[in-house]
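Provided herewith is a single structure, encoded as structure tokens, for subsequent inquiry.
Going in written order, the chains are labelled A, B and C, and every chain counts its residues from 1.
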Amino acid sequence: MRPWIEKQRYLIDYTLAALARRKARNLGLLAVYALLVFMLASVSLFGQALRQEAAAVLADSPEVILQRLVAGRHDLIPPGYLEKIGRIRGVQHQQGRLWGYYYDPVSKANYTLLVPAAEAPAPGHLRLGATLARERGLQAGQPLSLRSYGGKLFTFTVDEVLPASSELISADLVLLGEADFRAFFDYPAGHYTDIALSVANPQEVRNVAAKLSAALPDARPILREEMRRTYASLLDWREGIALALLAAALLAFAILAWEKASGLSADERREIGILKAIGWETGDVLRMKLWEGLLISFSAFLLGLVGAYVHVFHFGARLFEPVLKGWAVLYPRFTLVPQLDGLQLFTLFFFTVVPYTAAVLVPIWRAAIIDPDAAMRG
Amino acid sequence: MLFQPSVIALLLAATLSLVMVAAAAPFAWQILRRWDLGSGSELQLQLERRTYLFSTLAAFVCASQLLALLLFVFTADRLSAMFVGAMCAVGALNAHAWGFPALLLQVALFFLAALWLVLNHVDTRARNYPLVRLKYALLLGLTPLLALSAWLQWSYFRGLKADIITSCCGSLFSGDSNHGVAGEMAGLAPLPAMLWFYGSLGLAALLTAWHAWSGRLGLLAGLSSGGAFVGGIAGIVSFLSLYLYEHPHHHCPFCILKPEYDYQGYALYLPLFAATAAGMGSGVLQLVRRVRGLEQIAPAASRRLATVAAWGFGLLLCLAAGMMAGSRLVLLEP
Amino acid sequence: MIQLTDIHKAFNQGQHNEYWALSGIDLELEARRVTAFQGPSGSGKTSLLTIVGCLARPTRGRVRLHGEDISGLPERFLTEIRRRTFGFVFQQFNLIRGLSALDNVMLPAYPEGKPHAELLQRAEVLLARLQLGHRRHARVEWLSGGEQQRVAIARALINDPEVIIADEPTANLDTTLSKQFLAILEELSGEGRTVLLTSHDPLVIKSSAVHRVVGLRDGRLCGD
């Protein structure tokens, strides 16, 4: 074992020296390689962070949301609906919710106005999301005037800017009291936007949904699990598409790697010929070149990954935002919660190191089988 | 469900392995037909040099199959969130008929590639390269298996549709269902399962250790290693997982790889896979020990591999016993 | 110690430019002697040395080293034999540019995987013996022709080979340096090493350091 390790050390030593001797060439390849890892890792890290963000938001949402449909369109919940549901076994509590959208011509963006279930702001007061506050230059204690769809001007006092922990969803959020909400939107008394039901036992959720559908044929129950799946598969799908598009880049890179590995300079061919003449075996040269590939791969992987980490978590993934994020006008400028995930790194490794290795295998072998007597023939 | 990053990565790896081996196949065929070590011709020299490429290729395939195996399990685990009722990799694998076959073939491919590398190792140490034809015939045989594996994975992932109601480890590996081998494994009563687990692993550990020490009973050591793999997996499914989850009905063999359970699965699977590959390799070498040129090399290598296998099985036994002792679950009343 | 029987060597076999560099060499080379191969360029001297030195295999014929037939061995094993038995000094010295003299000397020992300290010490002793101790950390391209050749000799000796093979060793040296080389040659032969060299330099052929001269022409032997 000892000679084997010692030998690998010698080979690594040699290949490091060889890499250093051909800096320009190797740095070029390293840069392209790292750039590829950077792009793939950015997409992947960003997608993962979004999934996490969505999951964090959904974790607080109710297990079942009940909407009423009229002609296949979402409609208001009329008075008496809540009572009609009555008691369903497994439902802890049920509550009508009030929320709506408001287009603000000043910031040219849509806000979500919502009456929170608990701790609603006092009349004339509101709380709002961090992005919105930034956009309008608002801080706690300042007034905010909004012109309602009815044409009336309402002025509220900002109580608080919501914490940025789940900014993706709360970015455009405005929380206000029920009376203010109804007055602002001219919302008919007793009506609700939808109904939230909380179910303690996850196994019961489907039964509850079935009972709701039976009791209220014009209603549509939406399950949190379904939402989670939809989000996850949507984000996965987008990430997959982005990666598939980057496959072209991957292919180009593989071709470049092949080219670089097979385009040995006369100098390098001479060196390998000498090594073989003085007693290096084909396998030794092969191993030396594989070490070289491994060193390049790992440096590029690390460089690209660190670059992507900084790009995504410190610069908000500027380059890929439009592809992966939602379609809202008001892009939340949120800082994603930094995190790395094993599967993700592993996938990334498969996307970059495996194709690179495959691409350079044959050229490396070609280099390694140079005739040992080439050195004798000048 | 093809547009998932890790699915694309898996299919990419499978395709790469297949393409590389398939591209090498004509050359392997040429070696089969034209190999003549006595000849000083340039063709023979070319063929010899090609063998280096094939060894490297096979090592690449072996390594990528092992990594792909891990990625496959991780991916299945991640995908399970897409299926109602699926709580871990088992649910996702069960969501389509080809899930488990794809996994099993992946495992088989890893072992086959490892055995090929073992043969290759001893062959390149013999001055007459006595196993060249056998090796390249085997390599050609590997090609359709790689193709099948790629196809199974493709069909599996393509066939997956989110929201299919599947049975999860709760029902598949729960004692009452008793459907198929997996159910049988989970349905084993704790005591016989433990006897089987410790018996097969202990036997393999003893036989490989004896073979390593004395050089005898190598074939039996190899066979017992194969048996120990089955026994080991059965033991993990039927009772070790229960101790790890500290739950009397959770039989999943994959969840133990997750961070929630401190990645303890790796501590079990790594020695199991390594020891099985080494033990079976040792047995295979026993088969070629009389081949001219290998009379000294094969038995020596076989004993070295048996040493690795004995340590691996021994380690696994200790770990399993330690995990049982450290668990708060009690399956067997004293 | 080395016996050659009916050695043939072809290049581009089976193609229109097929060319036989050696056709039927029978030769026995004794241990601990200095043998020079003499002949015009294209006579097959170098081809013969590559076959003797296990750099290439003969197309036909047998090579025996210490009685063992090595002509049919795969390259993998030929390399091992070459590394342990032969040390090469090439005409162009063939040092690796960009590496220090010391690194160049140690290169042939890398595949053996010996402990680094041991190897380093051996290389330094060799360089010191060849009066290069003070230049050991200099890059080889900064060395003079004579120094480069001595680095090449040290490199040939690092694995302590029985046989030193030198191809046209004085082709790039002036008279003083050539004489210096012949002195080293005598020293190596005095330690009991076998030396094989090709040359058409009269200084070498006529030197008392050379025990035997073998003539070659058109791939055949022509007089001892």
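Everything below uses one rule, namely that a residue touches a chain if its C-beta (ideal position, glycine included) is under 8 Å from a C-beta of that chain, and two chains touch if they have at least 3 such contacts.
Heads up on the chains, UniProt names are A = ABC-type lipoprotein release transport system permease subunit; C = ABC transport system ATP-binding protein.
Keep in mind that this is a model prediction, so the values were computed, not measured.
Across the interfaces A-B and B-C, which one involves more C-beta pairs in contact?
A-B
Which chain is most remote from chain B in terms of Cα centres?
Checked the centroid distances; the maximum from chain B is C.
Averaging over Cα atoms per chain, report the distance between chain A and chain C in Å.
Taking the mean C-alpha position of each chain, the two centres sit 63 Å apart.
Between chain A and chain B, what is the separation of their C-alpha centroids in Å?
Result: the chain centres lie 33 Å from each other.
In angstrom, rounded to a whole number, how far apart do the mean CA points of chain B and chain C lie?
Chain centres of chain B and chain C, defined by C-alpha means, are spaced 49 Å apart.
For chain C, jot down the residues that touch at least 2 other chains.
As it turns out, chain C has residues touching two or more other chains at 75-76.
Which chain A residues touch at least two other chains?
If we look for residues of chain A contacting two or more partner chains, we find 282-283.
Residues of chain B that contact two or more other chains, please.
49
Show which residues of chain B lie in contact with chain C when the two form their complex.
Checking each residue of chain B against chain C gives 37-38, 40-42, 45, 48-49, 124, 127, 129.
Spell out the residues on chain A that touch chain B in their complex, using ranges where they run on.
Spelled out, the residues of chain A in touch with chain B are 44, 47, 206, 225-226, 228-229, 232-233, 236-237, 239-241, 243-244, 247, 282-283, 286, 290, 342-344, 346-347, 349-351, 354-355, 357-358, 361-362, 364-365, 368-369.
In the complex formed with chain A, which residues of chain C make contact?
For this pair, the touching residues of chain C are 46, 49-50, 55-56, 75-76, 79-80, 82-84, 88, 90-92, 94-99, 103, 107-108, 110-116, 155-156, 159, 167.
Which stretch or stretches of chain A touch chain C in the complex?
2-7, 9-11, 14, 17, 21, 267, 270-271, 274-284, 371-373, 375-378
Under the stated contact criterion, what part of chain C meets chain B in this complex?
Residues in contact with chain B: 12-14, 57-60, 71-77.
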